[in-house]
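For reference, the structures are reproduced in the following blocks.
Shared between the two complexes below is chain A, which pairs with chain B and chain C, respectively.
Up next, the complex of A and B:
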């Protein structure tokens, strides 16, 4: 077949509008943020020094990494189970799995966060029911803490972990699984020694995506954390719009972007971008 | 398939398989002898691979029974049958080294580490993979991957080795080499081999018996020379190699064989005319026919005109047309072909009586 543009040219042209948008709407303003971090309130490295000494900033960073790590492990494990059903289940199972994966996409993150509040709060459904059946006498603290944040974020991020996993599972050669069975390996053993290792790239991709997304979460922790489990994005917001301490907010932003950039670079050393969709 | 180190004897009785309304395999009964090399041969979609998958336990038959050494294994899951299997495309574990691939069936069987090490080492030596132990499958050539697949399937000494078109991805030279190697492994291990292919020359070269499939039916089973020289029907005759078909009239028994009228000449056959009285087809392989100036009295022969020749190196393929318009192809020495063509007119096609066989007129 004859192509009118070379592949490289064609791809560049197709991507041009998006690249232009990214440069104008993100890269250019971000350079301004970088500038603030070195100039506000006084020129110098003062804000970065503050980052290293400010206890609050450090505890928020550590909390953010901890929550992101827990959310990553839980989301990828849950997504793995759903994806196995979605990719390898019976037609009916596939339909149900697909429903569970896609419906959350149609509901806004805000609605979902308030939905979880309705379920998890002291007078929420779960506590009311548990008290009604006499399982507990005092309501459990399920929200306005890290637990609530983790639940809400995990729920939001599972679908994002599903796609790289599905891509890895779909490209897997069924005959390899048959071969393992034929050589005497039980279903369970085949799953753990052959299936899971062969979807390794999908697991890495899913974990990276979920982790990176988790680092920048704002709405969910703000609502489900109730101001007590502040994560990094919320801290940036507070520094810029409430303190106001623009220089420190900008410095935190720069560190976050560099950290995420480094993670992405690491990700693409192991996984090709195509494997993530 | 349950006793390691001992070749299995398999009996299939009335096996059938339907996928929805598609009949993949119909009423197949077949005995596979201890230590035999049986080839399942047929075009794609003929049911040969389905039968292999049923033998392996990957596909349950819709009806029928399967016995291994007299034990009913019809409902036994694949991992408990543990037939060694070599897949098309090898199906090696891509995340495991050559060594780990071959050790897999032994680990599953919880062999001791020392035992595993010894047997994997022996197997690697036997298939000529020394020095490649630590490599991943992706770092190996096609032929080497093939060897790993064979080693992995044989290392636990299965009673039967099932092979699904294992050479289809290899180039011709390597194919021949691997065929020879497989024959050697068969002799060394003494295991029952069941081999699926759509390549008739491969089937004839390797097997002790060939089973020919078409449209989900087993058409004929026999030794290679038996199915090649005495096919039961037209499909088998044509699938196993080139064949000339001449219409016969008035076929009737005569002595130990039969006679018939082929384009006004009486010809004789060694085979009996039981099923095919009257009109029939006389089938003769091209290499059994020769060209001569005149058919001697009592010799089988008909007149024909040479129309075209193809030089094949060792011999020439000559296309001829008989007086009544039947097309015939023969394979003859190069100088004979040249002489036949230069005459530009009639030559005689002759053949020995024992090389012609009868097929029913029309149909299969």
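Up next, the complex of A and C:
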């Protein structure tokens, strides 16, 4: 009995500091943000009404969903291609694929966005070269628009899509694939009718992770969009710091959290958390 | 036994993706060597002036030192909190574990911009009580970074604890070890690697944190990413290219050493 009690005490003592810290430094201020959304500038549901009627907010929401959808499709497809090699290639191919996935993964989002600016801007690598070989006379507008945002976000999110895909591909039984080939199925057909369907949980997981991440993305769109292709996260920033309208910024945040929460709940109905690592 | 290898079509597509992934990292190299004051490709001669600017301009050095200080403090804080919490979960397996762990992981899954506005609310409220901890102070930034890194540290600790054999702890307990002795002399030495990794990851995440930092600093607590952000938004400063090259080289070296060490351990 004594040991049971001291066990409970020990657990409480060990777990309390972190829980207390997060309640005070995260949960409580989040409730404060929720309060802002109902009280600033005037108490009531005015901010949520504005969300439904304000044209700017609406267009930003739609743009965010559109960009997130495109980015999700492109990054999951690209991640799939490189993950196949990372998981199933020869040792040398695996090493190269791992290098190409992990190096960008560990490099900061700012450096990567800057790399795209260096490539895509008017005086950047691509435009300089295309002009030097006389292919174009005026620089192409590759950045400060939606194209630049999609490229940069896809680049950022591919490594995140790789991990759930790799976990699905590793758990796949080789013999099934060899059986399909042995029965006379072509490489293409084996890939599309056996390999891809058997990694479905990885694809769903990767797509969900990428989609959820892109909804709240801030740094890459702000740099590569150059203020012209504003997404939800940047709109929140602008509402807090540029046209001080804290209530609206807070209301958008609350809606974003609810939306992401609903998506995660949907995700976990199909995929177990362990399959995502 | 034959294995199922990717065919030529897969290899070509994967190579294109690999090129796409490396391209922006390679593009910063020529830009960092431009003699021009603005972002441009070097035409003809190369120059190291932007590397020199990093050393000579005190702003860069100051922000690097500030980022290191914030990184060390927030990483130490979140590693200790995450370690205690994970030990509690593993040793006592309390009821509602899933809910408690889920709560701790929230800052990792909530969109970063929402965490940012939340921490902005926290620090501006604290500014009223204390000039050390509030908005735009280094301690405030360190605390905010701890909130953001503690879920990652916790995940790493829980993963390395899950690989630990419970019987060694049961043996220690049976032989009369106290909770403190079990934690410090039995469990912690066995998850040393996980603890070090958690501390390192927390430091790296704090070192490169920008989404939250942008909301909670203005003129005093200028961390390195914050300074880079300022140079990227207004007039693009090629010194950022020089800095990026250095950061990329460090990352590649660290990864190479890590994979070498992992190979040695495996062999």
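Just so we're on the same page, the second predicted complex is superposed on the first by the 252 of 277 C-alpha atoms of A that agree within 3 Å, B and C clash if a C-alpha of one lies under 4 Å from a C-alpha of the other, contacts with A are read in each partner's own complex, and residues count from 1 in each chain.
The criterion applied here is as follows: contacts are C-beta pairs under 8 Å (C-beta built on N, C-alpha and C of every residue); 3 or more make two chains touch, one makes a residue touch a chain.
Computed from a predicted structure; not experimentally measured.
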item: Superposed partners chain B and chain C on chain A - clash or fit; value: fit
item: Which superposed partner A:198 touches (first chain B, second chain C, both, neither); value: first
item: First, second, both or neither for A:189, with chain B first and chain C second; value: first
item: Touched partner set for A:244, first chain B, second chain C, both or neither; value: neither
item: Touched partner set for A:256, first chain B, second chain C, both or neither; value: second
item: Touched partner set for A:84, first chain B, second chain C, both or neither; value: second
item: Touching partner for A:178 - first (chain B), second (chain C), both, neither; value: both
item: Touching partner for A:41 - first (chain B), second (chain C), both, neither; value: neither
item: Partner contacting more residues of chain A (chain B vs chain C); value: C
item: Where chain B and chain C come nearest after superposition, their Cα distance in Å; value: 5
item: Chain A residues contacted in one complex by chain B, in the other by chain C; value: 178, 181
item: Touching residues (chain side chain C, partner chain A) in the complex; value: 2-7, 9-11, 13-14, 16-18, 20-25, 27-28, 30-31, 38-41, 81-82, 84-85, 87-89, 91-92, 94, 100, 103-104, 106-107, 109-122, 125, 143-144, 146-147, 150, 154, 179, 204, 207-208, 210-211, 214-215, 225, 228-229, 232-233, 236, 240-241, 244, 247-248, 251-252, 254-255, 259
item: Interfacial residue positions of chain A with respect to chain C in the complex; value: 6-8, 10-15, 17-19, 21-22, 25-30, 32-33, 36, 78-79, 81-82, 84-85, 88-90, 93, 96-104, 106-119, 121, 123-125, 128, 155, 158-159, 174, 177-178, 181, 187-188, 191, 212, 215-216, 218-219, 222-223, 232-233, 236-237, 240-241, 249-250, 253, 256-257, 260, 264
item: Residues of chain B defined as touching chain A within the complex; value: 56-58, 77-85, 87-89, 91-95, 104-105, 108-109, 152-153, 156
item: Residues of chain A that touch chain B when the two form their complex; value: 173, 175-176, 178-186, 189, 193-194, 197-198, 200
